Amino acid sequence: MRVLIANRGEIAVRVIRACREMGLPTVAVYSDCDRAARHVMEADRAEHIGPDEAVRSYLNFSAILDAARRSDADAVHPGYGFLSENAAFARACVDAGLTFIGPAPGAIEMMGSKTEARRAAMRAGVPVVPGTEAALGLDTAEEELTAIAADIGYPLMVKAVAGGGGKGMRVVEDPGGLLGALRTARSEAGSAFGDTAVYLERLLPRPRHVEIQLLGDSHGTVIPFVERECSIQRRHQKVVEESPSLAVSPALRARMAAAAAAVARAVGYTNAGTIEFLLDEDGSFYFLEMNTRLQVEHPVTEMVTGVDLVQWQIRIARGERLDLEPEQALTPRGHAIECRLYAEDPDENFMPSPGLIRGLRPAGGPGVRDDGGVSAGYRVPVFYDSLIAKLVTWGNARDEAIARMGRALREYQVLGIRTTIPFFLWLMQEPDYLAGRYDTTYLDRILAGRQGPFVEVAEEDAALAALAAALDVYFRAAGAGGARAVNGPRPLWTQIGRREALRG
Amino acid sequence: MRVLIANRGEIAVRVIRACREMGLPTVAVYSDCDRAARHVMEADRAEHIGPDEAVRSYLNFSAILDAARRSDADAVHPGYGFLSENAAFARACVDAGLTFIGPAPGAIEMMGSKTEARRAAMRAGVPVVPGTEAALGLDTAEEELTAIAADIGYPLMVKAVAGGGGKGMRVVEDPGGLLGALRTARSEAGSAFGDTAVYLERLLPRPRHVEIQLLGDSHGTVIPFVERECSIQRRHQKVVEESPSLAVSPALRARMAAAAAAVARAVGYTNAGTIEFLLDEDGSFYFLEMNTRLQVEHPVTEMVTGVDLVQWQIRIARGERLDLEPEQALTPRGHAIECRLYAEDPDENFMPSPGLIRGLRPAGGPGVRDDGGVSAGYRVPVFYDSLIAKLVTWGNARDEAIARMGRALREYQVLGIRTTIPFFLWLMQEPDYLAGRYDTTYLDRILAGRQGPFVEVAEEDAALAALAAALDVYFRAAGAGGARAVNGPRPLWTQIGRREALRG
Amino acid sequence: MTFEVEVEGRIRTIVIEHGDNPSSFRVQIDGEPGVVDAVRAGDKSLSIFGRVTFLRNGGPEKGTLRIGAAVQVTAGPAPGEGIVHLNGRTIRAVINGRRRRAAADEGAHGPGDVVVAAPMPGRIVRVLVAPGDQVTARQGLVVVEAMKMENELRAPRAGRVKEVSVVPGASVEAGCVLAVIE
Amino acid sequence: MTFEVEVEGRIRTIVIEHGDNPSSFRVQIDGEPGVVDAVRAGDKSLSIFGRVTFLRNGGPEKGTLRIGAAVQVTAGPAPGEGIVHLNGRTIRAVINGRRRRAAADEGAHGPGDVVVAAPMPGRIVRVLVAPGDQVTARQGLVVVEAMKMENELRAPRAGRVKEVSVVPGASVEAGCVLAVIE
């Protein structure tokens, strides 16, 4: 089976690794600016699919299907993002005679609608956040809306049925704000998703985001995994994930896993998927949504269970039986944490920092896993999201995993662009994070209340850095480098910087 | 506690990692050619200890103790090799008021003598390879020697009491060769170790080398670990290690672990140490020797038990109690394999390949641990041994670990020098290795019988490589690089190669 | 040779002169003297050891820098910016930044003009001001999208918009002038 | 431009000419034509795609190379040697090696002389022959120690030792002439 990976970056590299370990040849696809990207170098062969803009390359059905045909691929792995939750693409792959490594198109479609997914969860007897069961009709009378909202209780959320990424969402604190919020949410949803349908949901004030990974095969077996704790989010975007969650006891784990498996069984779900729950402070949990694909944060689950989720995706797609021990999937061994390294400048309000990677040395050693997607000499493009690597550490207990993360972050070198490493170095020493006292509102709250750079530089180090920078310029200008220079002179970085920054 | 690491390369980096995870500041030491070595960059500070030759730097007691004094170090970790099994150095550290992170000087001394170590094993009731209990006196009559040898049985080995690294060792096939072998072994031992003492030992024809890692604290607790299988050796040098061993059943594991712990307890051993056994085809095992230090191959044990051995070395040296669950240490979870990446050219009979590392990209992703000791821009010196990194993979079962190793080896890039990666790529597909059918004689036997490069290049890839090389030279010569060149022109590698190769 | 190096918001004056042997240098940090042994070791690495006095927080208290280090120095994304990697700490050092800024400010534009440039490549999503508008400090001027994120670029000080150099939909490179405030 | 490139013991003649646009090239491998699109992408990387015919095992059977690859090319330790990394395969390519060898052989020494050079830096442990000695092919000439290993360097062919250029204890660099066989 030859596998085409309809994606790029770290997840394309991740899938290539799984394929290679299974002895399967791989085909990468690439846009113009990704010609020499890492996933292209790692794959057995590569096909060009179009220009830089994702809509003309990584989101372009026909270019990807053409590439599959040209390269004699038998299967397509969509990764996450891009076309991974696009039912029409999954269907187009199947129609083209390709194995789609993911759930059936119908399952993607059903779980892609927030209200349909909520109904599926309710049918399976799984609690959902109290709210309206179906989309609110445009013709619903104001009195009726007010009554429905009063039933749910305030504060509540207006949410787009087709929503995602925080768009088409509005918080309503009291009855007076309801109608205005409905109007703006509908209008935002209409322009973002082409669908004005919205529904109401109770707002949990300080929930944790806890999710259950699961696998299902085509023979009716569904296996849920130990939970992932994903409450560390900046503007609704996960930045740190861990497994297990400090807030989940073995008994609660068993209940959440059973609930997740019930939803998956109810819809006949196959392949890898994740049920996201909100976990309230009182220990009750509510179905939030289902992701019908591999998650960015799947490595923490792999680290504490030893199960290779991507290899299982491929096996399941081939029709194999999921003969995994359910006990292994549900029993965490130790603790794992993932930090998402983004090409962003945390000291400049997380502004994007694309550009040339002049040097790269990932962390290594015991208990460290690097899932990287870039390489030295690669120019991180502005066209796609800014995730350049995921750094995952493991420890017998959470404190060991955190200590290891601190060590690995100090070791990790990305030269030439800014990354979120300094932010994580800071977070890994925050008392509330260390104590596990956090919910989904935690990170935005503490970021709003702090100032100054994330890593403070000691006076001695600042003086040494100034001296080192001056020596470097001195050596380069002199075309020498002291007694043992090993390379010829190269352009001054003071010139490089100016040339690169001011061109265009 | 500030820790000075009296070593270099990957093991110095490994110890720095452990210290940093424990919050302990570190001091690196370096010779001239190691000024900008990786361990120097990783440590919190670094001290120069002398010129390139190890005897004037890494083996120089007083330079190292001076460095410890200058840097206010409280403790010394010796790594492996260099001064790690030098009782006088351990004693000098203690005398200087430094904590020596290793066993007591007396234990190093006793177990450093092969005959004393054999006696200690026998006292603990552990079988040793049948042989003479003490060194053979120079005045022993020829008839007596012949009688002793006949008692032991042929084939047998003449071994130097102070031996190591295959020197002062001779195989004797039959009585006729005995006296000649004694003579040459004595003379070799005399010039290699300054000690002509030798003893006799029965030669096991096809033994496996299986060893038991253990930890002992200063409160009398000794904990043995699951065995390591180290039979894949080239000229008596280990090149691949794994844990657990296919040849060891749980029952045999329990017996070997108990035997190893008995030896350690008998000599009041503290800190990390390893008991090496020869395992015969019939399942009987014999004490071979004890290594009173951390082993190169310790990561495979860490991967299957989750225990950080280096952190425990430090805790034990601080007087802490070894409160580890003995069950965790003795129960392997999954399977781990280590390949030692040497700067050697396997296709030229493993000739050393020092030189400038022009690029380095270790393998990453699931189940991979990289313990590297070099970095891009570093010139691997000719003065020390050629280990540049250890690549370790983990899998739920041995075949998964092997598949992962094959994948990781393909991913691992060391540009500029030759390494043993192609050799390991070949070995990981050898039927006898895959089946676990091997003993300590295996590798030398199959290497003697094969020819040609370790990795065969398909005709298509050869043609593409030729084209790529020509394009590269064309681009560099043109000072361009096609439409999207991101860097200025650099010297042609055809010139670099000549300039570097012919200088001096 | 004399350099002004800005680290963590403070400018230090560094003087470097050849010493007695090829790897020896006489240096000054803010006028305080020292001697170091330094060599380049690879494309990006320097090895430095020695002892230098320096002024704590600009003085008058003095500290002693006992250096034994291998550091990496590479070009950063901003003009004149070097990134120094030192035992897992990433420190930005801008060489002669004051002069560089002065030159930029006095270049194409009048004295007192402030140039707002794109800090990264991207696409202009919205332009929020027009020439002639009065703006307050930190008022939004232009929204640039890069890497699927929208970033609002703000006025560094109050003033009048003298020039807007981009239109919505345009692609810009890092350093591209977006607007000028006078 | 024409290159002779030796890979896996076989020399291929590669011709490269500019094509219709900046990243397009007309190439020939052993006289068989093709067109590729190629760009440099970073210090060591090339991206190449296209279609080229080539002769299998030197011909007459032809194969088609469908290229879609990003490769890395760096200098290898030997003169004129490039190392091509291609999907986890490491392939040595020597540019114009025949010419290089001819030049070296005819350089300082007479035609027909064979120069035995140090393949790596190291220290001379033993010299096993003297000028004037007759040696057989693969007879040991000099023992060099590097990285704690002793390596015996042997005569590439039978002949008479014309010159021995090193003494025990000497340090040598890679490429250093150790002996000449005539």
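Odds and ends about this structure:
Here the chain labels run A, B, C and D in written order, and each chain numbers its own residues starting at 1.
The rule is simple: a residue touches a chain if its C-beta (ideal position, glycine included) is under 8 Å from a C-beta of that chain, and two chains touch if they have at least 3 such contacts.
Please read all numbers here as calculations on a predicted model, not as lab measurements.
The most distant chain from chain B is C, comparing centres defined as mean Cα coordinates. By count of C-beta pairs in contact, A-C exceeds the other of the chain pairs A-C and B-C.
Distance between chain centres (mean CA atoms), chain C to chain D: 45 Å. Here the CA centre of chain A is 32 Å from the CA centre of chain C. Chain A and chain D have CA centres that are 46 Å apart.
Annotation for chain B: residues 35, 42, 356, 359, 375-377, 379, 410-411, 484, 486-487, 490 touch two or more other chains.
Along chain C, residues 39, 41-44, 46, 69, 71-72, 85, 87-88 each make contact with two or more other chains.
Residue ranges of chain A in contact with chain D, taken from their complex: 35-37, 40-48, 71, 356, 375-379. Residues of chain C touching chain B in their complex: 39, 41-47, 49, 66, 68-72, 85, 87-88. Touching chain D in their complex are the following residues of chain B: 343-344, 348, 351-355, 358-359, 382-386, 409-411, 413, 415-418, 421-422, 453, 455, 457, 459-475, 477, 480-487, 490, 493-494, 496-498, 500-504.
On chain B, the positions that touch chain A within their shared complex are 13-14, 17-18, 20-23, 35, 42, 299, 302, 306-308, 333-334, 356, 359-362, 364-372, 375-377, 379, 394, 396, 400, 403-404, 406-407, 410-411, 484, 486-488, 490-491. By the touch rule above, chain C contacts chain A in their complex via residues 1, 3, 5, 7-8, 10, 12, 14, 16, 21-23, 25, 27, 29, 36, 38-44, 46, 48, 52, 54, 56-57, 63, 65, 67, 69, 71-91, 93, 95-96, 100, 119-123, 146-149, 151, 172-176.
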